[in-house]
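Per-chain numbering from 1; labels A, B, C and D assigned in written order.
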Amino acid sequence: MSYRTDTFRIAMAGPADLSGLTALIENDALDPAEIAAILVKTEGNGGVNDFTREYTCATIAATLAPYLRATNAEVERRIAMVVSGGTEGVLSPHATIFARVPTPSPAANGRGLNGDGANGKSKRLAIGIAATRDFLPHEVGRAPQVEATAQAVREAMTDAGITRVEDVHWVQVKCPLLTAERVQAAVRAGHSPVTEIAYKSMAYSRGASALGVGVAMGEITAPVSDDIVLSDWSLASGVASASAGIELKNNIVIVLGNAEEATGATVIAHAVMRDAIDAAAVIAALRSAGISAADGAAIDASRIVNVLAKADPSPDGMLRGWRHTMLDDTDISATRHARAAVGGVIAGLTGCPAVFVSGGAEHHGPPGGGPVAVIAKV
Amino acid sequence: MSYRTDTFRIAMAGPADLSGLTALIENDALDPAEIAAILVKTEGNGGVNDFTREYTCATIAATLAPYLRATNAEVERRIAMVVSGGTEGVLSPHATIFARVPTPSPAANGRGLNGDGANGKSKRLAIGIAATRDFLPHEVGRAPQVEATAQAVREAMTDAGITRVEDVHWVQVKCPLLTAERVQAAVRAGHSPVTEIAYKSMAYSRGASALGVGVAMGEITAPVSDDIVLSDWSLASGVASASAGIELKNNIVIVLGNAEEATGATVIAHAVMRDAIDAAAVIAALRSAGISAADGAAIDASRIVNVLAKADPSPDGMLRGWRHTMLDDTDISATRHARAAVGGVIAGLTGCPAVFVSGGAEHHGPPGGGPVAVIAKV
Amino acid sequence: MSYRTDTFRIAMAGPADLSGLTALIENDALDPAEIAAILVKTEGNGGVNDFTREYTCATIAATLAPYLRATNAEVERRIAMVVSGGTEGVLSPHATIFARVPTPSPAANGRGLNGDGANGKSKRLAIGIAATRDFLPHEVGRAPQVEATAQAVREAMTDAGITRVEDVHWVQVKCPLLTAERVQAAVRAGHSPVTEIAYKSMAYSRGASALGVGVAMGEITAPVSDDIVLSDWSLASGVASASAGIELKNNIVIVLGNAEEATGATVIAHAVMRDAIDAAAVIAALRSAGISAADGAAIDASRIVNVLAKADPSPDGMLRGWRHTMLDDTDISATRHARAAVGGVIAGLTGCPAVFVSGGAEHHGPPGGGPVAVIAKV
Amino acid sequence: MSYRTDTFRIAMAGPADLSGLTALIENDALDPAEIAAILVKTEGNGGVNDFTREYTCATIAATLAPYLRATNAEVERRIAMVVSGGTEGVLSPHATIFARVPTPSPAANGRGLNGDGANGKSKRLAIGIAATRDFLPHEVGRAPQVEATAQAVREAMTDAGITRVEDVHWVQVKCPLLTAERVQAAVRAGHSPVTEIAYKSMAYSRGASALGVGVAMGEITAPVSDDIVLSDWSLASGVASASAGIELKNNIVIVLGNAEEATGATVIAHAVMRDAIDAAAVIAALRSAGISAADGAAIDASRIVNVLAKADPSPDGMLRGWRHTMLDDTDISATRHARAAVGGVIAGLTGCPAVFVSGGAEHHGPPGGGPVAVIAKV
């Protein structure tokens, strides 16, 4: 199988504004049947009562259903949609659309990443998708979710045509959370869920998902037991990005990397931010993706398709020896603070505020830090 | 008169934590009688109901009063205190203390800024303070405040020993606002205040103050009439930083610049950010202050005494062609968003989150942008 | 024409939860073709970035479209939908559905309100709907909107079969606001809109709409000129409830009252709260609707279909001689504070938190107060 | 010992406004040496970063120190100060001052509460204060805190001259929380604190304190073990009101009740609200304190010295069968929602917004409810 990965970043005037998407379709720039995944940043609060996420999902489904001659539910199953709420500070609401365009025979890539392939071909942006089985409530946030996620990552790599873990640069996971109803069902069935608090279950689910990515990537080699989740912070993945949602019971996995089988005009690279202001990591990721700038000069922002990053307040309340106040603010949630700051760091370096910064980074890189990836035009 | 300007940046564990200040005094690093000004970032919301500002001021006065054998009120009159609320994102609560230490004879400065002085001396960080008369309520936000501020800036320059406007790099102004009581008094006296809304009067007072700085700096040459304030955005100062407070009726002006008469180990430089993510301006200000870095390498953060900046959401709702959502968020005020983002930009570039970023930048540089200054060790 | 007014109050588990509505339809309790209006309280923030309002509207349209064999847009035109965001404090998200069921001949009402009708009939809850023409941007918040609203109220009274203004107890108005685009269009056409700030235009549009209701009700007899809107607070309506939305350019008017032509099991009554804690007005409205309680005993909450009220912080910052802090809180908007408090007052008196309390009450009763209506089963 | 309890409720224009207190002293209405306790509602957010609490305490101490010829620290030890942040909705910032005025011989009380005393005397408002020893970090939120609190309540009853638990109507407890430093100290000493999260430790400390009150009151008769705290919600006190603060390591207990030994013009009574809108309980407490109204008529608010209440969102998310959204709001903390609503309920019934409603009611009455007390003039 060979395919070309096309990417489109569109501005959104609100959670239901998909005029950019329909324009691409109407102008024949995008075949809706080839859309593989859509990553969205909406202007909700990113918290429990952020209804912009489901509103955007529902609107995407309703918008594409006629084009795909499918029901809304079929669209939601067919296209991997990840909607992250929160455009604090300079962050700008936008969607990134990934399409897989079948190509009859492997086209010869030009200049790509990571040296030439086995047959003299370069690698280009590849995308693969897989899903786990539905989890029972008491499996969420525990070893079964870790293992099933790891397996799904491997399947998504195969789907993408990526053979080496070194070629994986971002693994977006959409994972379930525990509602009161699911908790009650577990208890009635004689099981004990990892937590009875919905908000806390989001952290457990994200954490177990990130650990699953780490296992698949070989970053974690020892067996992962239940009690490691949200406990042993030395275990983490440098390419994971998990976000929990109420609308599913299994994990959906999107692997982004570079592959010989993939053609197109873009590549992806990543680095790991050690804390929220680790500009050096962002610069390193940009450079790995082929984008650099002389000291002080602006980089060429037009070559950046998007920057993806995870933001988290450092749990010890300190940053480079100075106290931060994100965890103690009763008026603004810590995640909102962190997204605003990391958005500033990245937009300052790239000159573009339409970047995908999402919050909640348990076992995603070091505490207070997280992965950052750059998708760039070759 | 010759003097040495000493600067100290101390961490604060809360709005009333002045242990860093008392330690400096107790360890004989700082003579309390020589404190000229204190600039503080507190962890309040920076809005109308931010009581951390007055709490910190009151605590500074109560802390220094015994050392200075003065009443609290006398301390508040004697030392210029500017407290800015809001440490959103990575920003860290801290205070910067400026002391003027008399020196018997002009010491020969070593390597300084802006070439050698007339007598082969270099220029070093200088500080001067002045105050306007009290304003009548209907003068706030209008031409009389502009003119009186311009005059006070000139006096503060003289106080600092700065002779050329090119040597001024930051003018911190503390200005009054209109309470309901003051508005009523004006109306009873037959005058019409510029606005009857307290919150709005803060913007008018900041705007008129910044215009006054612009007049003194020669950035604005035409006469400033009442109707220009908050109206003609082409008029602005690139070195002004005004913040309004309920506790005073006049303007307090602190001029920071470089002067031959001043000695010490630090210099100051500035640039103007054209928008909230103008990293190039921050880098330019750092470089002017003698701090630069090879591409990708970290700069030497230990040489930075502080970075001072104004943050503002661009009023047209756009940033580099992308929509921002700061002005439409009913849950978080636009100023809080802006401080978080600009704090991220600067902390990302300098590696230090203890920077002085304050909000509300009417007529401070271009709309959506604002001045940024760097105080650095030589 | 004779008709029966049926009312249904359904709980909502989220902005898109219409399971209560579809259950009514599927169980044949409600013919979707007879739905006249839907009033909804959603759990958004009620501010500029409250997307739950449009999300709920879109979901209602998508839910009813198949039943009505109409497009979503046709449903939105056919059914008057008013969605008010904000369920602060104890307020509970819910929808109230009003259906007009044609009846072949005037049924003899039993015990109703306001004594017997001309033919010995009692009056029951009546509902009528009308719309104004689209407004030009510079008409919003000015006399033309006032006049057109007054005319639409008269038409809606006729539609409801109400002949006397004394029988009108609630006039819900949905009115437009001025976006930046509309403002620009007005300026280009040589007109000057009443304000250039979107948020402020909501207040002007609500105020002019409420004044229009007051004119139709005979509460305001002198001609209303442009400069009275948001200025002369002595002019107000005690039955108006206007809310501004971005999705329309004209005013939609829903009149609720009692009429002989209307049959059914419910009546409506109202009173005017003089401030946010005017429990006596709520008790008076309950009593007028036939619901009262002995001192200290609970009233029969099961007889209440809904309570409708407007909430507003008193603009002078005082309440019964004590200072309130709603207008000075930079973290929580004043409207959210006011809804929470008024919701507590009403829920405390009625024992039910599913009440329709909406914010922003310019020219709706006295400053800081507003109308309160009770729809009750006979 | 006999004494007269004087009470004063003063408005505050801000957290540092004690002009009402100094006016009482300067006008000889209050002898500062006789102040026993001060209860304050400030306009902070009532959360972790609410600095108005300590600001008000510090200002009270600084204000009274000269009058008492004592240091600020001595004032804070001598007078029991309880400052609760959060005046959401209609709540008004104010302070209630309790003074104990020695009386040479038992004055014959006039009409009081609870029938005549043994010697034909009536009972009047009595106040007593006691403190526990400092707690070790691992004792907070556990049985030792419960037991020590119970003992302190008994001592405070004795101090007040109250002999029967039926005469106790409000027990205000100020209790410690666990900071990161205290947690670390406990761990180093080989102990395991009840939680490592500062915010959570506030709930544990409040819960254990309320259970201690319940033990002293005889409401809880079985031994209280560690695992009951924040777990067995059937155990609660109907007169407890605990709030946690960072500034102390022990529990301060203020008992308010009626006693024969106490004279003066006021009495206290209480009831238990079963949920946030339990108006019947408020009315019952008013009636017990001698204040009632004919149906619909306003009560005589001038006879109310203050109403004290605890507010809490019901933990199951439901209220009288309807869903509330307080626990799911990421923008406004649940405690702020609850205070606004309960403040509306009480102010609606009493006609006065200057009531003491504080949040966080673990083991204070039933879940979602809490005690309410009325101090009234005879």
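One rule holds in what follows: a contact is a pair of C-beta atoms (placed from the backbone, for glycine too) under 8 Å apart; a residue touches a chain by one contact, two chains touch by 3 or more.
The structure presented is a predicted model; accordingly, all values stated were derived computationally and were not measured.
By CA centroid distance, what chain is farthest from chain C?
Relative to chain C, the chain whose C-alpha centre sits farthest away is B.
In terms of C-beta pairs in contact, which of B-C and A-B ranks higher?
A-B
Rounded to a whole Å, what is the gap between the Cα centroids of chain A and chain C?
About 43 Å, centre to centre.
Approximately how many whole Å separate the CA-defined centres of chain B and chain C?
Their C-alpha centroids are separated by 48 Å.
Find the geometric centre of each of chain A and chain B from their Cα atoms only, then give the gap between the two centres in Å, rounded to an integer.
Result: the chain centres lie 40 Å from each other.
Name the residues of chain C that each touch 2 or more other chains.
Residues 43, 45, 49, 325, 328-329, 331-332 of chain C touch two or more partner chains.
Would you pull the chain A residues touching chain D in the complex into a rising list?
Within the complex, chain A touches chain D at residues 45-50, 180, 317, 325, 328-331, 333.
Where on chain D does chain C make contact in their complex?
Where chain D meets chain C, its residues are 11, 13, 43, 45, 87-94, 276-280, 282-284, 287, 292-298, 301, 319-320, 322-326, 328-329, 331-332, 336-338, 340-349, 351-354.
Looking at the complex, which residues from chain D come into contact with chain B?
14-16, 43-44, 49, 51-52, 54-55, 58-59, 62, 331-332
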